[in-house]
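Reviewing the structure listed below.
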Amino acid sequence: MSDEVARLRETVAALHAELVRYNLVAWTAGNVSARVPGRDLMVIKPSGVSYDDLRPGNMVVCDLDGVVVEGDLAPSSDTAAHAYVYRAMPDVGGVVHTHSGYATAWAACGESIPCHLTAQADEFGGEIPIGPFALIGGDDIGKGIVATLTGHRSPAVLMRNHGVFTIGRTARDAVKAAVMCEDVARTAHLARTLGDPVPIAPEDIDSLYARYQNVYGQTTIPSARR
Amino acid sequence: MSDEVARLRETVAALHAELVRYNLVAWTAGNVSARVPGRDLMVIKPSGVSYDDLRPGNMVVCDLDGVVVEGDLAPSSDTAAHAYVYRAMPDVGGVVHTHSGYATAWAACGESIPCHLTAQADEFGGEIPIGPFALIGGDDIGKGIVATLTGHRSPAVLMRNHGVFTIGRTARDAVKAAVMCEDVARTAHLARTLGDPVPIAPEDIDSLYARYQNVYGQTTIPSARR
Amino acid sequence: MSDEVARLRETVAALHAELVRYNLVAWTAGNVSARVPGRDLMVIKPSGVSYDDLRPGNMVVCDLDGVVVEGDLAPSSDTAAHAYVYRAMPDVGGVVHTHSGYATAWAACGESIPCHLTAQADEFGGEIPIGPFALIGGDDIGKGIVATLTGHRSPAVLMRNHGVFTIGRTARDAVKAAVMCEDVARTAHLARTLGDPVPIAPEDIDSLYARYQNVYGQTTIPSARR
Amino acid sequence: MSDEVARLRETVAALHAELVRYNLVAWTAGNVSARVPGRDLMVIKPSGVSYDDLRPGNMVVCDLDGVVVEGDLAPSSDTAAHAYVYRAMPDVGGVVHTHSGYATAWAACGESIPCHLTAQADEFGGEIPIGPFALIGGDDIGKGIVATLTGHRSPAVLMRNHGVFTIGRTARDAVKAAVMCEDVARTAHLARTLGDPVPIAPEDIDSLYARYQNVYGQTTIPSARR
């Protein structure tokens, strides 16, 4: 298939290592996908395969209904949710799903994560929202993600009793959101079990978010090895 | 001895690395065994040997009364419990024991882990049950495991004041259950110390469990390196 | 540029590995800088670059107003805060900023860390103080750091709702303070969620601090590889 | 010097890696020593040197008053406490000191760790006792350790507001006690913050302890690489 698909197979396989590095996943419970730009296709993790065994060659290419187009393995059992997001949100180029522990604890309690941290204001623009309970197997999870994130600043949603879905312009951005979501969820948990977290004023959250989205990082991406 | 035993020595020695990787064990406190299919034998860790020092050649082969059949070292001090499970539950091909911290905290409190997570419904079919207090040295631990898990969906039991035993069709399945048990126990702990975890409706638990047991993963196991 | 700058590029790049090793940072959220002795210059991490990708060659040299003097990349978004500290505190040779989880939880609650540990008395001379809330983008963060740490024994300040800044005679000293700050913050959190931490008498804190500052370690630094 | 000293230099240097592996130490805050059998000497870590930089050649040999006999570096600032223990407890061949987080949290609260775990009964024979507050610099810490552990089953003492000291027949045994102490302290903390830990009956603790001291492990130590 095309060079673009080959490149994304490599990217998606490699990005799963970040889920492992940041301790967001146990056994095989988490997955990354990327949209193939300009085509109704996505590249996603195969189902139930160990992170150690992921290679560009065993990634699965599906259409945006989740039907396998290329690959010998069954795609992630979360493929329908990824596909729904790509169909409904044309600007999304990457989706990540994890059951990272602290974020999932908030999800188990059915609570959004309130914004007590400047880093959360930067990345998420305020609270990280809770989404509905939804059963796997149809479009319910995808609908829940899209309904919660549409028009919301946050690239992460806590699906009730389930875990985290994040979106991004690219798969790497979605992975970053998954990493930062767990980091924020952990610090917020530690703050609540410690004492009384102090709110940040809404106007300060707005100001932090606006600045971070425009100023942080390199305007032109440096030549980095990943 | 047979090729099958040689293969299982390798598998059992290697699987202990997963206990280390997922931080389920300290020093030498955890062990994996596998039944030798079609024979009244099992392969198990030697007692008190560091995980770094486990090799196919120092695994111990015992009969299902725990008597050493092959090997220079004394078998795990938990051998009697493993053996009892294999005698009583003919479908079990692997047994794992750990004192993984979060799961053992639930065990220390004498509490089953209630089901607040879809991943727990998937893997354990509902709560992870608490078993009795039992002293080591006879069949009491084995009896407690079998009494608790017989007819239960969960492949994991929390033995009171002690730790976790898991079972599986294979040793690898039992290791997966041990990894997921700690992951679930951790998230459930984090949820309870955070707020009020929301229950999942019993019919939703049933539906998640039924689907996961039938749909997840690859129908034919992919050629993976482990 | 000078040998001194070349040496500090190497030191600053390498010290970021300690932030990773001690789990003080997620993604790119933390930075180290060093003052160039005897010159109005500092060496600092580039903004938004992964820790894996840091090299002596991509560190950024700025003047003490934060203006880039040497380097192809934009400097850390926290450069203004580092620069303010170097301008205001001439004995400071290194500055570190992290959002390490436990320390940031104390910061989110707007609380100083009380001194219940002899190690905290040793390193910080008592409580680790809370600083003000300050928005990024001008001198407010720098002013808050300097106002809190001037005349205080502690080389670490918890900036409210934000994270940790530490100072040191050298960049390595500031990194050590960041590592010990998180270690102390963690133990203090664990103690508070466990029971009633016992205070240390002020005169004992004074005695511990005086001894540690004078006696600990090697009088002449041993030839170590870092 | 003698072969015995050379061997112990190697052992002591290497055992520090276990403190790092089990996350018991931050920066340079923890140390291991071994008595030289049959001589009034001990081998101990140098003060303030990174774990990465420990080599057989930079270990320090002291007499049992803590005076350096061999070595270019100053010995650990805890040398006086180690030396006091060796003078007072002739059967002790190894001493370890850490500020491991969970155990030190119990120490900060001035509480012994009650016995809710069979693994704790096995290794410690019941509760892990709290010792007195003591300032560094004389014999007070050593006296507190010896007063608490003499006639006690536990090889670990929680020194109030400070950290853990463990003893063993060998340095390796003392390191094992330090690892297991933190593991037990963590699980006990998690159990208390979760619910109501169930006590183990004193006669069951006695029975577990008696069995473990006599039956566990290999009668003759297997040829292991460490």
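Chains: A, B, C and D, in written order; residue numbering restarts at 1 for each.
Here, a residue touches a chain if its C-beta (ideal position, glycine included) is under 8 Å from a C-beta of that chain, and two chains touch if they have at least 3 such contacts.
In this text the structure is predicted, and so the values were computed from the model without any measurement.
Undergrad: What are the mutual neighbours of subunit B and subunit D in this structure?
TA: none
Undergrad: Same or different for subunit A and subunit C, where same means more than half of the interface numbers show up on both copies?
TA: Mostly different residues.
Undergrad: Going by the average position of its CA atoms, which chain sits the greatest distance from subunit B?
TA: C
Undergrad: What is the distance, in whole Å, between the centres of subunit A and subunit C, each centre taken as the mean of its C-alpha atoms?
TA: 31
Undergrad: Just curious, how far off is subunit C from subunit B if you go by their C-alpha centres, in Å?
TA: Comparing mean C-alpha positions, subunit C is 44 Å from subunit B.
Undergrad: Among all residues of subunit C, which ones touch two or more of the remaining chains?
TA: 193
Undergrad: Can you name every pair of chains that touch?
TA: So, checking each combination of chains, I get A-B, A-C, B-D, C-D as the touching pairs.
Undergrad: Quick one: which bits of subunit A touch subunit C in the complex? Just the residue numbers, please.
TA: Going through subunit A, the ones touching subunit C are 22, 116-119, 176, 179-180, 182-183, 186-188, 190-191, 193-198, 200, 204, 207-208, 211, 215-219, 222, 224-226.
Undergrad: Can you list the subunit A residues touching subunit B in their complex?
TA: Listed in rising order, the residues of subunit A that touch subunit B are 26-29, 46-50, 52-53, 58, 72-74, 77, 99, 101-102, 104-106, 108-111, 133, 135-137, 160-163, 189, 192-193.
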